[in-house]
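Pasting a structure here, questions to come.
Note that the chains are named A, B, C and D in the order they appear, and that numbering of residues resets to 1 at the start of each chain.
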Amino acid sequence: MAFVYHRTVYLRDTDGAGVVYFLNFLAICHEAYEESLAAAGVPLEVLPGSRGVVMPVVYTQADFRRPLFCGDHLEVTALPRAVSSTEYELVYTVRRQGAEPVVSRALTRHVCIDPGSRQRQDLPPALLDWLARWGEPHQTSPAAAP
Amino acid sequence: MAFVYHRTVYLRDTDGAGVVYFLNFLAICHEAYEESLAAAGVPLEVLPGSRGVVMPVVYTQADFRRPLFCGDHLEVTALPRAVSSTEYELVYTVRRQGAEPVVSRALTRHVCIDPGSRQRQDLPPALLDWLARWGEPHQTSPAAAP
Amino acid sequence: MAFVYHRTVYLRDTDGAGVVYFLNFLAICHEAYEESLAAAGVPLEVLPGSRGVVMPVVYTQADFRRPLFCGDHLEVTALPRAVSSTEYELVYTVRRQGAEPVVSRALTRHVCIDPGSRQRQDLPPALLDWLARWGEPHQTSPAAAP
Amino acid sequence: MAFVYHRTVYLRDTDGAGVVYFLNFLAICHEAYEESLAAAGVPLEVLPGSRGVVMPVVYTQADFRRPLFCGDHLEVTALPRAVSSTEYELVYTVRRQGAEPVVSRALTRHVCIDPGSRQRQDLPPALLDWLARWGEPHQTSPAAAP
């Protein structure tokens, strides 16, 4: 049920060691997250002046098990789930297309806030729909805590 | 005949002014260039130890006529042409999908060099094929000079 | 009189070819521009909700004459000048510290606009002071056009 | 004893939400790591053809407690420690200069490998010196595991 995203590795993703720079694994995962929102019709409301909520990342972690090279074709699965009434997280799995071994596993946790006051807000209905479409059932247990 | 590349604008492409950071227009254009090479079966030989040639950018220019926002869907056309036996360049046109006005025009010029000696090399056959597929006929006139 | 900025090349600036990715030369030049504003006490008003003006880049160009490597120490000079009552540009020269040859020359041209209407605005006094401090005398001739 | 690094937040570090993009906290931390190596005279041997070892990041985590804005002045402390004969990690603390509250805490774990075979290598003497200078005493206990 998770969202699947395909992405080529570009030269800019790599660094002088000849492999993808560690942060760019996470950047690619965040693209998968944004595409999963778009596929569910949820706009990413990012402008400071936007009404409604913004959902900044408050925690991330990732491991990097195998090197990736320029030109590699990646398949990223993104699995979102709610972790409280105001927070959700996504677990990402990165593989080369058609290859079994996991290249990287990553996680981002997001909090819904009002962009003006920066106070926590409940997950709005559009995000609950997105979670229902791509994610696991709503859980309020702290099982996902790092 | 030019190569056409579609790309969503991601949050990382934007900056604190709420629009795409000027360099990320060029980064997106360079992705179009890499995809045009891949579509013609030309590997981007980038590793310092690679045989053959590398093709670093030696000159770039771009204008930015309209702001782009997170979530915009872009259509980038990339038109390559040889400018000498050792150099080629690409002209990029960025538009929003389905919209006429040009958002940005950009150019990158590349020189083929030996990655060890950094001496100029003739365009290898694979690049000539790529130019024949996506680009304009070979020209040695300096018409493309900035 | 130009502003001088020192910067180390970091791993993230390099790409899989073992050298600085072409856009990161320009990113480093833009840092020099931001530091020159800060040194003159001019805040970079970037938020869409900010009063006053924002100064997006509307044109850039750069050449790349020599490769740069991770760990290199750079000296960037940034020389601003007005090109009209609403536009200014900066010319950047990148060298390795203590070395004569120019590694890169770059240019960014900026237009002052109202962040809401995106209409052109005259250069505000703070920017005129900055130009007087680091730049060349005010010119309204189009001599700087590409 | 930890290494201290000062850094201004640049426009490129921010995103369309008006604050620093989450990954750029980590990019800034990695700069602190690179500067700590340089301050101890340890070259970052990153080229695939380099003799000796390369030290890719195999794990990272970070939290983001407060937003950062363009122009903010940061103070990053980087505290390295060995976690085995072949691995080390750094713990980073990001604050605004002169301000007490922690903005972000981050961690990167690195493994020494041969760049050709990608097999694990013991920490070379230069890295042991660097650990002795900026870090905590050598520990082989798994206390630092996530």
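Quick notes
Please note the rule applied: contacts are C-beta pairs under 8 Å (C-beta built on N, C-alpha and C of every residue); 3 or more make two chains touch, one makes a residue touch a chain.
Small disclaimer: the values here were computed from a predicted structure and weren't measured.
Comparing chain pairs A-D and C-D by the number of C-beta pairs in contact, the larger count belongs to A-D.
For chain B, the chain with the farthest CA centroid is D. The centroid of the Cα atoms in chain A and the matching centroid in chain C are 33 Å apart. Spacing of chain A relative to chain D, judged by their CA centroids, is 23 angstrom. One inter-chain figure worth recording: chain C and chain D are separated by 28 Å, centre to centre, where each centre is the mean of the chain's CA atoms. Those residues of chain A in touch with two or more other chains are numbered 11-12, 14-19, 23, 27, 30, 46-48, 70.
The touching residues of chain A, when paired with chain B in their complex, are 8, 10-12, 14, 18, 27, 30-31, 34-35, 38, 43-44, 46-48, 70-71. By the touch rule above, chain C contacts chain B in their complex via residues 15-19, 22-23, 26-27, 30, 46-48, 54, 56-65, 67, 108, 115, 118, 146.
Interface residues of chain C, counted against chain A in their complex, comprise 11-12, 14-19, 21, 23, 47-49, 69-70.
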